Amino acid sequence: MSLSIDVLVRRGPFDLRAAVEAAPGETVALLGPNGSGKSTLVHAVAGLVPPSEGRVSLDGEVLDDASRRVHRHPRARPVGVVFQDLRLFPHLTAVENVAFPLRAAGVPRPKARERARSLLAELGLAARGTARPPDLSGGEAQRVALARALAGSPRLLLLDEPLSALDVRARREIRSLLRRVLAGFEGIRVLVTHDPVEAMMLADRLVLLEDGRVTQEGTPEEIRTGPRTHYAAELVGMNLFGGKLVPLEPGVGRLETPTGHVVVAWPEEAAGPVEETIGLLRPADVALHLAYPEGGSARNVLEGTVISVAREGERARVRIASSPPVVADVTAGSAQALGLREGVRVWASFKALEVRLVLP
Amino acid sequence: MNRLVTVAIALTLMISGCARIGAGGENEELVVFAAASLTDSFQEIGSAFVEQYRDVTVTFNFGPSDGLATQIVSEGVADVFASASPRWMDAVANDGPGIIERRDFARNRLVVIVPAGNPVTVSDINDLGRPGVKLVLAAEDVPAGTYAREALAKAGIVAEAERNVVSNEQDVKGVVQKIVLGEADAGIVYVTDVTPAIRNRVETVAIPGTLNVIATYTIAVIRGTEHLALARAFVAFVLGRGQRVLERHGFATGP
Amino acid sequence: MSVGSRDATAARSSFGSTVETRLALACGAVLGTAGLALVILPIAGLVGRVPWSRAGDVLSSDGALTALALSLRVSTSAALLALVLGFPLAWVLARPPFPGQSLVRAVVVLPLVLPPVVGGVALLAALGRRGVVGGVLADLGVGLPFTTAGAVVAATFVCFPLLVLAIEGGLSSLDRRLEQAAATLGASAWYTLRRVTLPLLRPQIVAGLVLAWARALGEFGATITFAGNLRGRTQTLPLAVYETLQSDPASAIALSLILVVLSLTVLVALRGRFLAAR
């Protein structure tokens, strides 16, 4: 049992090119910013958009094969979809919505209703069966949509941004419910989201999608410790510099990025200049000064103006428009003491040793 | 196609029922309500009248005499009324504004018309009682309809004929149209309704004198009109020069 | 200057002076009242002239009841026939553009703008005894002019566009995403139509039917031209009113009352539900 996707989908001026594999027993999360093509991929796997090139196959059955003009209609795919906009039928009650796939398959009404009711009960909605979608809360509607997708006993469950429409409280509640449901689902689970927290909490494996391309894959831990793109680094809250590594002095190198240079410790494995090197720097390792720090050991001192200061509890995350741009984490107290706010000119310093290099 | 266009225009005009003769505008305007069967003849009379009198406009409203009488009684807009039967002139005289100088001015007779080709072979009025014949008459209260039923009664076939009636038209021209279009098998209209325009599309079946009905046309000035002199002049015209015009159109004139 | 008054001044200057606003409101009120009067006055006038002492006799007379029964039969049949014939057309028109679509739409709307009498003449050209199709029907022994079926055809002809347009509007504003969802849930095209599309279209279908029914009820020109005027067979209420008007206006007004009451009843019963956008 497995899902194999390797497609090119053209949607107007936008291209999605992705190859993803998923096995039963794991939840794969497609993570990417808005506009990266996540929904397109969901629609393609569901059969609503035929790929321009490539194949989609589930358990060895070919659902799409562009070169042989094979395209199985959505209704013939054993796929259950929970859409981002839910798409509950407004004229049917919760029970009728959940029973829909069963009735469409010819299951007699009493049996279908009974199964629907038990599904709703499992999701904690036993009392809301007769309510209609307009009367359901965000969290309730989400659960009905989930129950409806599961009712047809699909072999692949696709969830498109399952938590995005919910408020903070509902989100927490549904997230834990989803974890439970996903863990109990025997087929393949694919989840699509832009929220890293959602992805990290629900998925066993992450696939990062940017601008219609897969840029990185791995477990949440792998991504966290080794992000390979700006987006991935942003996700996990790191500074990322990418460019050509050139030797500067014995034991010291310079990472030349399009937006500026960073001095780094020369990695042992490198014999000469290395293209496509990534340097990771934790924001907490960046110190801020209101004047050029004289006589320090830090090899990197970048000047710039503050773009924004975001307080998160005791921490303040400061973005600086330097070359290259950096993000620094300081205590809230320090931020206040230094009078850090938009437009203030600062100097950011960090040691060459603090930049962790990732060679290609 | 041609025939239908003519019919369409005629129907539209008929339902609006109006025709204006003369320059309009600053001229003195005379409004004449006249029975539908007088359409062609009175339009000719109107033109001649306007030519003679200059600076006047005559506006006609042609329609079924019963409908016209009712309009005059409730709205009283007409200056002159020419009715196809005395009954509706009486209505205006008694229930309406009243009339001045009532005169009979023409007579008419009935005839049976059938579509060209005589599809169900009607050879005399008695055939109208034959089962299956699609007969069209003017409505009961319309003079042409009243007269037609009188003739059928004289022939002793009113009941059978009524069974054959498929439509009661609002005026006699409606009957003509249904026959011209070939939709009905037979109809009863005035002899004057068989105009040159439709002559080659219908055939006529005469009604013998013993069974036929004489329709008496009456004309009068409506009491209270603001154009008394002109209205009187028009009536005089109809009784004078107008008589030749009416004869040419098939009406009987004289004593 | 305090923030409050600065806001107020800004609000005033952007909306215009209060004098201008009042003037605009006043104009609106006058025009609105005139519009209402345009509809209410004639109806009120009609009701005011009903000869109440005679009304009972007129309304319960054989002719009136026959015409009423016939009108109800004809209008209902016409509305239903329009639905059967019109739904597929509405579907076609709601699809993405195809060559000739605007022509199809123009043809469908034609009966709305054609004078009904002309419509009647056109029907005779097609379905009359010597008509294109009518000739064939006549040979088979089927005749439409002068029959109740003919009255239904005439009424359907004029009310058809209203129904098609109402349903087309509903179809094109239908959320296709719901139909997509139904597909992913395994529903066949037929099942989706029955359980998703049609139920969601119900308001527009009802609206179309009601409008078509009301139009069919009031149809005169095409009926009298194509089907003729015969009590019990083709003389619907409007024709009866017209005929009575020729000799007895008071009774005609009483008869008209039936039509007014009938229409008002139906509209009130639906409580403008179909007039509100979905």
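Miscellaneous remarks
Order of writing sets the chain letters: A, B and C. Residues in each chain are counted from 1.
Here, contacts are C-beta pairs under 8 Å (C-beta built on N, C-alpha and C of every residue); 3 or more make two chains touch, one makes a residue touch a chain.
What you are looking at is a predicted structure, and each value in this text was computed from that prediction instead of being measured.
The remaining chains, considered with chain C omitted and nothing else moved, group by touching as follows: A | B.
In terms of Cα centroid distance from the overall Cα mean, chain C ranks first. Two chain pairs, B-C and A-C, are compared here, and B-C has more C-beta pairs in contact (counted per touch definition above). Centroid to centroid, with C-alpha atoms defining each point, chain A and chain B lie 88 Å apart. Each chain gets one centre point, the mean of its Cα atoms, and the points for chain B and chain C are 36 Å apart. A separation of 54 Å divides the Cα centre of chain A from that of chain C. Within the complex formed with chain C, the residues of chain A that make contact are 46-48, 73-77, 79-81, 83, 85, 87, 89-91, 100-101, 103-105, 148-149, 152.
Interface residues of chain C facing chain A in the complex, by the touch rule stated above, are 177-178, 180-188, 191, 195-196, 199-200.
Per the touch definition, chain B reaches chain C in the complex via residues 4, 7-8, 11-12, 15, 64, 66-67, 70, 74, 134, 136, 139, 141-142, 165-170, 178, 181-184. Of all the residues in chain C, the ones that touch chain B in their complex are 115, 117-118, 121, 124-125, 128-130, 145-146, 221, 224-225, 228-231, 233-235, 242-243, 245-249.
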